[in-house]
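Labels run A, B, C, D, E, F, G and H following the written order; every chain starts at residue 1.
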Amino acid sequence: MLEQVQGGALSVDEAVKRLRAEPFEDIGFARVDSHRAIRNGIAEVIYGAGKTPEQIVAIAEKMRERGQKTILITRLSPEKAAVIGGQLPLDYRKDGGLGVIGELPEPDGIGVVLVITAGTSDIPVAEEAAVTAEIFGNRVKRVYDAGVAGLHRLLANIDDIMSATVIIVIAGMEGALASVVGGLADCPVIAVPTSVGYGASFGGLAALLAMLNSCAGGVSVVNIDNGFGAAYQASLINHVKS
Amino acid sequence: MLEQVQGGALSVDEAVKRLRAEPFEDIGFARVDSHRAIRNGIAEVIYGAGKTPEQIVAIAEKMRERGQKTILITRLSPEKAAVIGGQLPLDYRKDGGLGVIGELPEPDGIGVVLVITAGTSDIPVAEEAAVTAEIFGNRVKRVYDAGVAGLHRLLANIDDIMSATVIIVIAGMEGALASVVGGLADCPVIAVPTSVGYGASFGGLAALLAMLNSCAGGVSVVNIDNGFGAAYQASLINHVKS
Amino acid sequence: MLEQVQGGALSVDEAVKRLRAEPFEDIGFARVDSHRAIRNGIAEVIYGAGKTPEQIVAIAEKMRERGQKTILITRLSPEKAAVIGGQLPLDYRKDGGLGVIGELPEPDGIGVVLVITAGTSDIPVAEEAAVTAEIFGNRVKRVYDAGVAGLHRLLANIDDIMSATVIIVIAGMEGALASVVGGLADCPVIAVPTSVGYGASFGGLAALLAMLNSCAGGVSVVNIDNGFGAAYQASLINHVKS
Amino acid sequence: MLEQVQGGALSVDEAVKRLRAEPFEDIGFARVDSHRAIRNGIAEVIYGAGKTPEQIVAIAEKMRERGQKTILITRLSPEKAAVIGGQLPLDYRKDGGLGVIGELPEPDGIGVVLVITAGTSDIPVAEEAAVTAEIFGNRVKRVYDAGVAGLHRLLANIDDIMSATVIIVIAGMEGALASVVGGLADCPVIAVPTSVGYGASFGGLAALLAMLNSCAGGVSVVNIDNGFGAAYQASLINHVKS
Amino acid sequence: MLEQVQGGALSVDEAVKRLRAEPFEDIGFARVDSHRAIRNGIAEVIYGAGKTPEQIVAIAEKMRERGQKTILITRLSPEKAAVIGGQLPLDYRKDGGLGVIGELPEPDGIGVVLVITAGTSDIPVAEEAAVTAEIFGNRVKRVYDAGVAGLHRLLANIDDIMSATVIIVIAGMEGALASVVGGLADCPVIAVPTSVGYGASFGGLAALLAMLNSCAGGVSVVNIDNGFGAAYQASLINHVKS
Amino acid sequence: MLEQVQGGALSVDEAVKRLRAEPFEDIGFARVDSHRAIRNGIAEVIYGAGKTPEQIVAIAEKMRERGQKTILITRLSPEKAAVIGGQLPLDYRKDGGLGVIGELPEPDGIGVVLVITAGTSDIPVAEEAAVTAEIFGNRVKRVYDAGVAGLHRLLANIDDIMSATVIIVIAGMEGALASVVGGLADCPVIAVPTSVGYGASFGGLAALLAMLNSCAGGVSVVNIDNGFGAAYQASLINHVKS
Amino acid sequence: MLEQVQGGALSVDEAVKRLRAEPFEDIGFARVDSHRAIRNGIAEVIYGAGKTPEQIVAIAEKMRERGQKTILITRLSPEKAAVIGGQLPLDYRKDGGLGVIGELPEPDGIGVVLVITAGTSDIPVAEEAAVTAEIFGNRVKRVYDAGVAGLHRLLANIDDIMSATVIIVIAGMEGALASVVGGLADCPVIAVPTSVGYGASFGGLAALLAMLNSCAGGVSVVNIDNGFGAAYQASLINHVKS
Amino acid sequence: MLEQVQGGALSVDEAVKRLRAEPFEDIGFARVDSHRAIRNGIAEVIYGAGKTPEQIVAIAEKMRERGQKTILITRLSPEKAAVIGGQLPLDYRKDGGLGVIGELPEPDGIGVVLVITAGTSDIPVAEEAAVTAEIFGNRVKRVYDAGVAGLHRLLANIDDIMSATVIIVIAGMEGALASVVGGLADCPVIAVPTSVGYGASFGGLAALLAMLNSCAGGVSVVNIDNGFGAAYQASLINHVKS
């Protein structure tokens, strides 16, 4: 644009107006946006909760028009999935409440993202995490129902823990698994408290506080039941840039 | 007394008056009190916090006059202990903030009370528990600084865990040790959350909630930093009556 | 296996591989597991909440194949019980939401587990506790609706309180019963706060905090509404090992 | 004033201006104020916390100039009391942190205000309540250290409980005393949670919640440590007007 | 009984046995019970929530057999009321969710119980309080929708406030009405926080805390939405005994 | 700059570089900054808590060098003020913990900012607000100690309430004053909860929640004890721009 | 009335009686009420939640009889709107759950009220705010879905932010938008936390706390989801009186 | 060892005994420990809070004897540092409360760890993070006092944000900086809430909740004020292994 100004093809006034109109995109944010394009390039995400199937279809179609190959819809109920599936080629992953449109990319991360849960009730959150990680190009290994009350089950998977590039630990109730895994692993651990439990679990608060106070180093925490967020963070780590 | 009434040595009016005066002791509570005597017989306890050394000396002397051989003073600061020690033969246990007057009894419990802590900062609470248990006639074994972030330290003590009659688990921060020990042990586990930690430990709340939500069976919980209460409960278990 | 190695029947490499494959079971954890077998031997437990009847049937059948005689299903709704009952010989205890498969064992504990509730609304939690204790081989005595607002009702049962081996106190609202029973009894008291109440009971929080702060010694606490956990702990106490 | 208007001695404009100037006192609030005078007539109260001794002396002297015979200063530290006592005839009640200037009035209430505490640590709050009640013209009976863990101590005072006109129950920790007394008494019970306790007492929150959830009828609650407020309410009840 | 012993009509052994069998009723608790009979004599109360209509009918019929003339059923839904009304002469007060069996007694209290609400949404709690007070023999005056945001509405009722014997203030949201009424009245004020509100009212917690911190003297508080408890307390005050 | 490009005085490359170097200031943020200059022009503010007197002096001198005439230092202790006053011409307002360097500007707001407190303990927060408002060019009127328990004191100031342009209500304990003033006023009301109180005031939480739930329209809330923030907001309202 | 007294048409006694009967309205409150009339004159508001359609119709008709031209019904469900719409000329704004009866007034405020949301899920609260502001005579500009995670979207609207007279920022989750807008704008910002989010958002608590702690000056906060309250406050600011 | 068995140099019994004695180290945990050695190899860490200078010196000397070259002491007060510095070559970093013994290693991470703070009060936590990261072999870049209320300061550092390998965001009060940075960056962001703030910041809770609810992807959270934990996690990411 500056060249147009230099060449006289664009008046100064018009240039100022354009700069004002999109001040950030033209200069600083263009770089942000292209960065984000790289980051999000593999897949775009629609948060399905609180949207009607019609809204989701409309958004997804717009994304496809823009050339987006893979789309992930999170927090998607079977009922909504049925409606959407009638209009778009939807691969619905019931366990994690996820809808996938398009192909899963080839894994291109540094290593393996390990997803461990304390109990079977934590599996929906774990699947949200695991499939999300796959969508973003990660090889994923699942170890479910390996809570600390049966330590031998966890220790039986010690090879996976020690060879993982990043670990997502998913646990409700007292959330102790994060500390135990954090003590065994030598890679970053992302802990996801779940709302599994009753009474004094206070909807996941007990697990959340426990994980934040983990005595093991190298553990960070995301919101309760936020499998997606943990996987997104894990994927960034597994694709870490120099 | 009824015999006195029958024999005429006591008027009905006087008998009614006496019964009113101490209605519970004469009938139901006498048994309660003798029961309690058995329970408390070995040692009586003075809660030292919020009492002056003079008050503590006065109470202790009254107990000794009644024939009490062993007296335990909890939450006792070194300063108060120094004053009391000038007037009474006090054995001050600085680590647990406990003062002992009289001999420790021979252990007469069923087995061993195992006291485990997650960290070194939990030791004051642990010593409060351990010495209390000893005062009430229990053999005590201590395993300190065996938190879950270094699982091999804990597992190195697996024999003690598996042979204990009752275990007191003491941990601050995320309190995960209670669940791990609860999963390994086959005896009752009493968990004591401690106020060790900062930030989102909220003065022991994180550990308390974690312990209440323990996924391991056989774990019950006492108040934050309540080493005495855990030991008292443990002693009742170790002296369980048929 | 070491003998096989010594005898040459097993190569060193193969032995290492086997040890790695099940490192904990072969050595340390085998003992844990046999301990646990003893502990859990009488009955195995399925947590029914969040499982489909089909899942429960499948798990129960696998347990029966392994030779398990008695199976306890907790948090089981009447609807699920009806489905399961069509496929397995289920004894459904509606009051406590429990399903029992197989015979109740003969009581083999030291003494009596006393279950006391403050109100009639606490009975479902109490029955979860009482039947669980029975399943694990305990003689159980029930005293329901003996809250502290009508102290004479409670005191009318003072003989049961004073002769029990372990007491489970179940109360919602202000949870005061735990302290009063704790003051009368000379055995371990396990307090179960319930979510009975409204407003500032905050789903059982008021009772939970009250019980944790009990001025009576010998009281420990489990999670809100956790009748099963209290009974499990009580059974360990009533079968305390030397 | 209206007569002055009628008689012409006051212009309508002037009357309106006067009415505007003190609209509430002249008409409605005059009655409020004379009511309050009756209510507060016996004694006026200075909240001592956060005021300097000089400020307190100044306020007290102004009250005395207005003809106030008895003045109560609450939350008064010994240090401040010493300063004030050098300038005014102060009767300092150290146990309750109260300063009294002037005579205590003759009791003129309907019956007796009974003040019961659970422990000895609750006595400062109890004395704040007891002396306040005396200042407001009530006969007061004190029963201290009668917590529910030693039920016989409480029941030994059952005659006082049953003959009181209003009872103030003061307890920290789990606050169970309010429910037990509420179940025994047939008069209004005002419960005062205290900040006595540690850990999960959360500065009196546990006792507060317990008292609000009391299963006994006829129990209402004031703020944590608010002995003054309970006594003020009790005095209103003991001087109830038709 | 003692006279029987004195006269020889009863052996000492038999007397001891009887005393043991009902130790509390014969001596101390008999008086408690007769006291309670006086207190509760006018009406007995069934807490309707969590009971089936059949259970309520059964309890009510047993009470009627014992000679109880007036029965109050609280927290009674219209559906349950319809069923009960088919079997018993039930006067259902829909606004307060109360069922009345039998006649309302003539008011015999000292003065008037004034029930004030801040808004129209507080009326269900207010009616629970008002009808309860009537059932227990109190003259009741209702002032509804007089919140502090429209102060003139409240002040228009200042005569009622100043002539009441006891006032029940019912308010949700910020609960400010309790302080304003407490400042105007010269009689005891019982504050009932309600769960009316949203967001940061946290189910009545905001109003509860505000009322506990009231700057006005003479205000005590009951549980959130506890209209019954406030009325019961108010009735005790309005029938205060010397 | 674009004209320089057009005229050839600046190469395109150099222009891009400059734009990149300060992308936000040149285009969008320049306006933000000049806006902010207008907003903050009258006075700049130093948050004094957690800074040493030396740091404060250094910052203030830099501001003065930039030509700033009036500087406000908040949360300033008397000790720090003494040190600073030795180096700079400091006008220290002890009541509000504020230091002023330079002249107070002439008031140039639309009308009057009224500052009302419930009690005398709220005055430090009120003075922080009042002096801040004066520094930002507002006429301020103070009405202190006008809490709702003495409604006539508040109503005596009704003229001020009704003629104010914006009102800052400052109250601790139950915070009811905000609702009452909000109901009387017809201008924006900014409520400041204070940490004045004890027990269940939880450091100002009770007042904060009450104010957020105010039943009166036109009330918004700032952080606990944030007199500065309320005054800043009030000044923006009193200088509202078209 | 005073003139009637002066003229003899009204006796002094009768005048006193009238003044007592309506003491506040005749003198002080008349002014309050006429003030309020001005304030509320444009529109009256019915809070629709918890009212039946019949009740709403009745209230609205009474308002119309009094001459009210515009009526706003908030928190109105589509079902209720359908019923009301059958009886009254209702303009139902589904997005904000608002019903409007009568014409929207011409905007007469000082400038523009800008309503910004962080996400699309915040739109219902935003529409409640926006339509309310319109009803009260304000020009409104909407900028939706401009959360801080996509800063360029927000900055693209910087002209609107800098030219607004008052801004309403609506955000759930972490509520960061309020601080960012507060840092950019030079007008008052009213922040509305929403209950959008899950897990540790605790129903809007996270956003509420964040907004109260905003590091940007000039931000005040209303209750969670309280779009109406924010708009009412904004309208007062936009119509600020001298 | 197996080879010894095979060769006959070790009896089977002795082998079993050895395996039992150190069951975990020989098999599974040996690998854990060597892993950990790699992980911790660069530096060992002593948590200084709650340890005496003498204890710290003793631990540090033992580490040095084991050959540890670099030792980090966290949460170290100047007083303790002075004592330790008298006995060991301590490099005390006052800003972050850190003591370093030995050389800082050459950075060997993938890229740059960027440490950003919202305010100057967050610097102590930031320095704890920054120096910790340096100790563990990371190149660190600091951007301090770049809070969202002055967005241009943050955006002036956009190049650093976009080129970082991992970012640590440190903010108190409302913690909004985490979301804004999370929206700009395309690398993992670790958020550290600080206890900076007052009132409704509740010791860092407001910032903690905000960060957990961040609308930006790729943000995980550690405990309040846990600069060390964030840096440890960041270092693991910056040294991520395949």
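Criterion: a residue touches a chain if its C-beta (ideal position, glycine included) is under 8 Å from a C-beta of that chain, and two chains touch if they have at least 3 such contacts.
Everything quoted here is computed from the prediction, not taken from an experiment.
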item	value
If a chain touches chain A and chain E alike, it appears here	B, C, F, G
Chain whose mean Cα position lies farthest from chain G	B
Listed pair (A-C, F-G or C-E) duplicating the D-E contact set, over half by residue number	F-G
Reference chain F; chain at largest CA-centroid distance	C
Homomeric contact chain C-chain E: same or different residue positions, threshold half	different
Of F-G and B-H, whichever chain pair has more C-beta contact pairs	F-G
Mean-CA-position distance for chain B and chain A (Å)	48
Centre-of-Cα separation between chain H and chain A, whole angstrom	24
Whole-Å separation of chain centres (CA-atom averages), chain A against chain G	38
For chain D, residues contacting two or more additional chains	23-24, 28, 32, 151, 155, 158, 184, 199-201, 205, 208, 212-213, 217, 223
Listing of all chain pairs that touch each other, if any do	A-B, A-C, A-F, A-G, A-H, B-C, B-D, B-E, B-H, C-D, C-E, C-H, D-E, D-F, D-G, E-F, E-G, F-G, F-H, G-H
Residues on chain C engaged by chain B in the complex (per definition of touch)	28, 31-32, 35-36, 38-39, 110-111, 155, 158, 162, 165-166, 184, 186-188, 190, 208, 212-213, 217-223, 229-230, 232-233, 236-238, 240-242
Touch list for chain F against partner chain E, complex	118-119, 147-151, 173-176, 178-180, 182-184, 197, 199-202, 205-207, 209-217
Of chain G, residues touching chain A in the complex	121, 151-152, 155-156, 158-159, 196, 198-201
Chain D residues touching chain F - in the complex, by the definition given at the top	22-25, 29, 32-33, 50, 193, 195, 203-205, 208, 223-226
In the complex, chain G residues that touch chain D	2-3, 5-6, 8, 12, 15-16, 19-20, 23-24, 27-28
